[in-house]
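As structure tokens, here come the structures.
What follows is a pair of complexes built around chain A, which joins chain B in one and chain C in the other.
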Partner chain A sequence: MNLLIPLMVIVPILCALFLNLLHKKDRTIKTIAIILALLLPALPLLANYGLHYFGGYAPLIENPTLSNNLPSLITGTALNTFHPAITYSFQSAQKIFVFILGLVGLLAIFTSLYETRRPSGVYGYMMFMGIAAVTAILLTDDIFNLYVFFEIAALATVGIVLVSNVKGNYETALKYMILGGIAAPLFLLGIALILGVTGNVNISDIIYSLQNGLVDPKNPVLLMACGLIVFGWLYGSGLPPFHTIKSAIYSKALPSGAALIQTFSVFIFIALGIIILRIFSYLPFSQWVILGASLLAMILGITMAIVQTDIKRMIGFLAVGELGYIGIGLGLGTAFGITAGLFQAVNEVIITAFLFIGFGTVLYQTRVSDTRKLGGMLQRNPLVAFLVLIAGFAMAGVPPLNAFQSKLMLIQASITAGFPELGVIMILLSIVTFMTFMKAFHAVFLRPKPVDLELKNEDIPKATIITLLVFLVVCIIIGLFPQVVTSYLQPLATSLAGGIV
Partner chain B sequence: MNLYDLIVKKIKDIQGEGDDAAITNMSTSSMLTAEITLISSILVALVMLRMVNNVLMFVAVLVVLMAALIAMPLMPHFKKEQNDSLASMMFYVILALAIVITLFYWGNLNV
Partner chain C sequence: MVIDVQITSLFTAVALIIIGIFAAAFLDNLIKKIIGLAFIGDGVNLFLIAMGYKPGGIVYIYLPGMAAEWFSQNAAYPLPFAMVLTSIVIGASTMAVMLGIIIVLYKKRGSLSAKEILGE
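Up next is the complex of A and B:
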């Protein structure tokens, strides 16, 4: 038993609760929040790989003292291998995902502490709770436990938007909750149907039941369950038709909050995508639906991004479009394709957070996000302009930055898998992504400053500059040494692909 | 009337009389880029139908190309549909649910 595995979830929950007890002691809260937030990326680095059984209830097969005293009616059947407790699995892929989630969480919290008036309160609470929920989603092998944290992540997302002082945030949060009120119960219904058919909520046990003939894989109830879980996946990650509300949610949060919310979306996307591939890869439609939804997200997200005039909405739609790249990798179904997709997920999380916080500096100084009313920010902040430019280059896949490596891998994977058309579309949309970014960059930084544009805050907090520099370093390191990340992702990709290279 | 003028006219229609924001060169060229990207991406994606049948792919590409040329500009319509109205979001959510369930339930049992 590795006690550091549950601590990855428990620590952010404790942070969320504890910091509010120190309300009004701003300096103390800032210091403690930064120290505790440092634990978020540190814990996955310190923890050993393995499984954690809550309550210590391991499967009977791993507990001979107990199983020897039981009748063969139990020990001689599949019950011997089933997991009686909620199980968390921590392997190499989870290590890199939780580390990146912790890193973006740390930087978002660090930025927010110096950009918001009060470091304690609901905003910090929601950020920590969201991180805890998404960490649990990445670790859990129990589909019902996943649903519980899926809902907590959705509530944390709504909470972050509600407490962000952005015009129209209440209405957007309400719409997101209403749409969630349709999608989340249907997702739960899908889980209930799986429980009804297999008698299990542990994902490994469900797969065991399907592969060993304990359950008919073509059972219509199971097919319906798969459809409902796919629908929950569309909602949780913001794929079409939820791309409009998801991009609106990003645009109605503070930049640090938006950076974190998009991180939640990407990790929920891959966590559920992996579950769909693990359980339902035997269904011919599962891969096609993943490919179709991803392709649609790419096309709609990026074409909608270019016609936006609000910077945050533009990045929001770009983030949705970039999700499509990840899905294409997963949908290809080959080990190389899945590695490329997961690698793209890691890169997208970093780059989109980089862009949100980078463009967020403009919002911090001017309180304006409409590109038609902005301009001349290059003279005001040449360093920030340079950092944002690099972030945009990274998103478009310009070498030697990180997304160049993952997008190149994705294009190679699509050609190898016999889908060169996907490669062509990905190149085309990367060019349009670059153009979209340059349009926003020109409007904000290069164009002359409008006469009526007033600066509300003169100086950008040093914490924000440090955050942007850290993102820059991470983008360059991963771009130059992609194997630092891909080596952690390959074992999971190989197991998901079932031997297809 | 060329495509550029058509797009300017459509943007004016969508903005309505009340909106006094100017239609800039940038907004029109953005819309034009989105239009071309949308159509070319869909056409390239349709080429993947060759996995099912070559004739089907050929017919689908031709039909979509013709439809796109006739209905051009598409992007203003797309932008109008993907607005922040709860009613239109709900409509597409229910439509997506129907498509996903049909694909998984009927498709896996009958294809």
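Up next is the complex of A and C:
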């Protein structure tokens, strides 16, 4: 048993609790938070692949000494193979996802500590707690455990917004929670219906029951469960009709918080998307639901980004649009398409965080996020302007940056899967993304500085510049060597496409 | 006339969920909205409990002297109850955060109207 697997969740929870205890001890928080955050990307790199059974309760089939003493009523049936404990599965795809989550988490925490004069232990608590919850969502093979961490991630998201002290943050947080108060119990109802039909909450066992005739897959209750889980998926990841509230949530957080919250959304999107594909792949419309929701997110997200005048709101809508690309890859259902979708997820997380923190420097200096009131920032910070420009190029899919590789793969996958129209839409929307970004870039950096624009902070913290440079290096490395990431994603994509789950 | 406890509970759960969604979506007072959300959560919890109900069943605790086969046939399935316990805890924490936010907003705005505060 590999103990590092549960530690990937336990360590950030302990870090969160520890930082909360140190609230108001500014210097101590700064040092300890950085040291603890270094563990986030390190743990997945050190851990070996495998399964972790909480309490050590492996399926009976793996424990002959225990099963020998049990009646054949248990050992002679499917109960012999079922998982009695909450199971965490750590494979190559999880390794890259948890590593990227840890890396973005580390950089977001690092930036936040130097951008705020008095680092808040509560803010650190929320960030670590959210990272722990999303890590658990990525690792767990138990759908109820996923629901629990789904709720914790939502609470951490709200916490990050509440602590951010941005005007209107309380109103937006409450709106998000009210919508969550409807969506999350309905998601739980979906899980309850699955439990009612299959008697299980372990995803592998649910699939075993469906594939081996223990349960009738055509049971209409399962259709309803699928609908409710899809509803939870739309809320958790900010797909339409929740795209406006999600982008509002991004805009009411500090840039470092927004970078982290969008990472949560992307990983919740793929974790739930994978579960929908695994459990309901036998339903002919499941692929169409994913494709439809993704296409809508892509079109609505990117077109709504054009008209935004608030920088963070614009990036938020672009992030929603980029989710659509990931969903298209998953919805195509081919191994190549799913690999491309998952690869796009990794790239989107990095690029959107890059953009949030990059544009965040302007907010740090001016305390203004309205593009109509900004300008002339190129003269102030040519290096930051260059880095933000690269981030925008990366999001639009300009070679040789990372999203170019994933978007090219997505277009190739859509053509080979028999959906060339999707490829055309993706190219057109990439052009619109580029235009939207350039409009904002021009307004903030290239246009002459408005007379009434005052600088509240002269210098950008070195930590922020270091963070942006790290993102730049990651974008270039993945862009030049995409196989560094895709090789980790291919086994999962192949098993999902082949129905071997 | 004998009323089936399980069916009645399931119908009550559905009614609670529908009333809750109506309250959360259409009522203007924020506290009433939150009560509606509590109804939805309670409805789902009742649904889970009703699913785990076994007529004449016993608690899932294996006591000395019980025959294994008799126990496996008569004990109620404990998983839904464990899930409900967790769900109640999550619901309570979410509710606490929402009420906390409402207190802050009420102090700032002096109103509990969703139309006024959230612009709905």
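Definition applied: the second predicted complex is superposed on the first by the 497 of 501 C-alpha atoms of A that agree within 3 Å, B and C clash if a C-alpha of one lies under 4 Å from a C-alpha of the other, contacts with A are read in each partner's own complex, and residues count from 1 in each chain.
Criterion: a contact is a pair of C-beta atoms (placed from the backbone, for glycine too) under 8 Å apart; a residue touches a chain by one contact, two chains touch by 3 or more.
Computed from a predicted structure; not experimentally measured.
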Touched partner set for A:Leu195, first chain B, second chain C, both or neither: second
Partner chain in contact with A:Leu155 - chain B first, chain C second, else both or neither: second
Touching partner for A:Ile465 - first (chain B), second (chain C), both, neither: neither
Superposition-derived comparison: chain B or chain C, residues of chain A touched: B
Touching partner for A:Leu283 - first (chain B), second (chain C), both, neither: first
Partner chain(s) touched by A:Leu73 [first = chain B, second = chain C, both, neither]: second
First (chain B), second (chain C), both or neither touched by A:Leu38: neither
First, second, both or neither for A:Val230, with chain B first and chain C second: first
Contacts of A:Ile182 with chain B and chain C, given as first, second, both or neither: both
Overlap of chain C and chain B interfaces on chain A (superposed complexes): 175, 178, 182, 186
Complex contact set, residues of chain A against chain C: 70-71, 73-74, 144, 148, 151, 154-155, 158-159, 162, 170-171, 173-175, 177-178, 180-182, 184-186, 188-189, 192, 195-196, 199, 201
Contact set on chain A toward chain B in their complex: 172, 175, 178-179, 182-183, 186, 218, 220, 223-224, 226-228, 230-231, 234, 240-245, 248, 283-285, 289, 295, 298-300, 302-304, 306-307, 309, 372, 419, 421-422, 424-425, 428-429, 432, 435, 439, 443
Chain A contact footprint on chain B (complex, rising order): 21, 24, 26-27, 30-31, 33-34, 37-38, 40-42, 44-45, 47-48, 75, 78-79, 82-84, 86, 89-90, 92-97, 100-101, 103-105, 107-109, 111
Residue ranges of chain C touching chain A (in the complex, touch as defined): 17, 21, 24-25, 30, 33-34, 37, 40-41, 43-44, 47-48, 51, 68-69, 72, 77, 79-80, 83, 86-87, 90-91, 93-94, 97-98, 101-102, 104-105, 108, 117-119
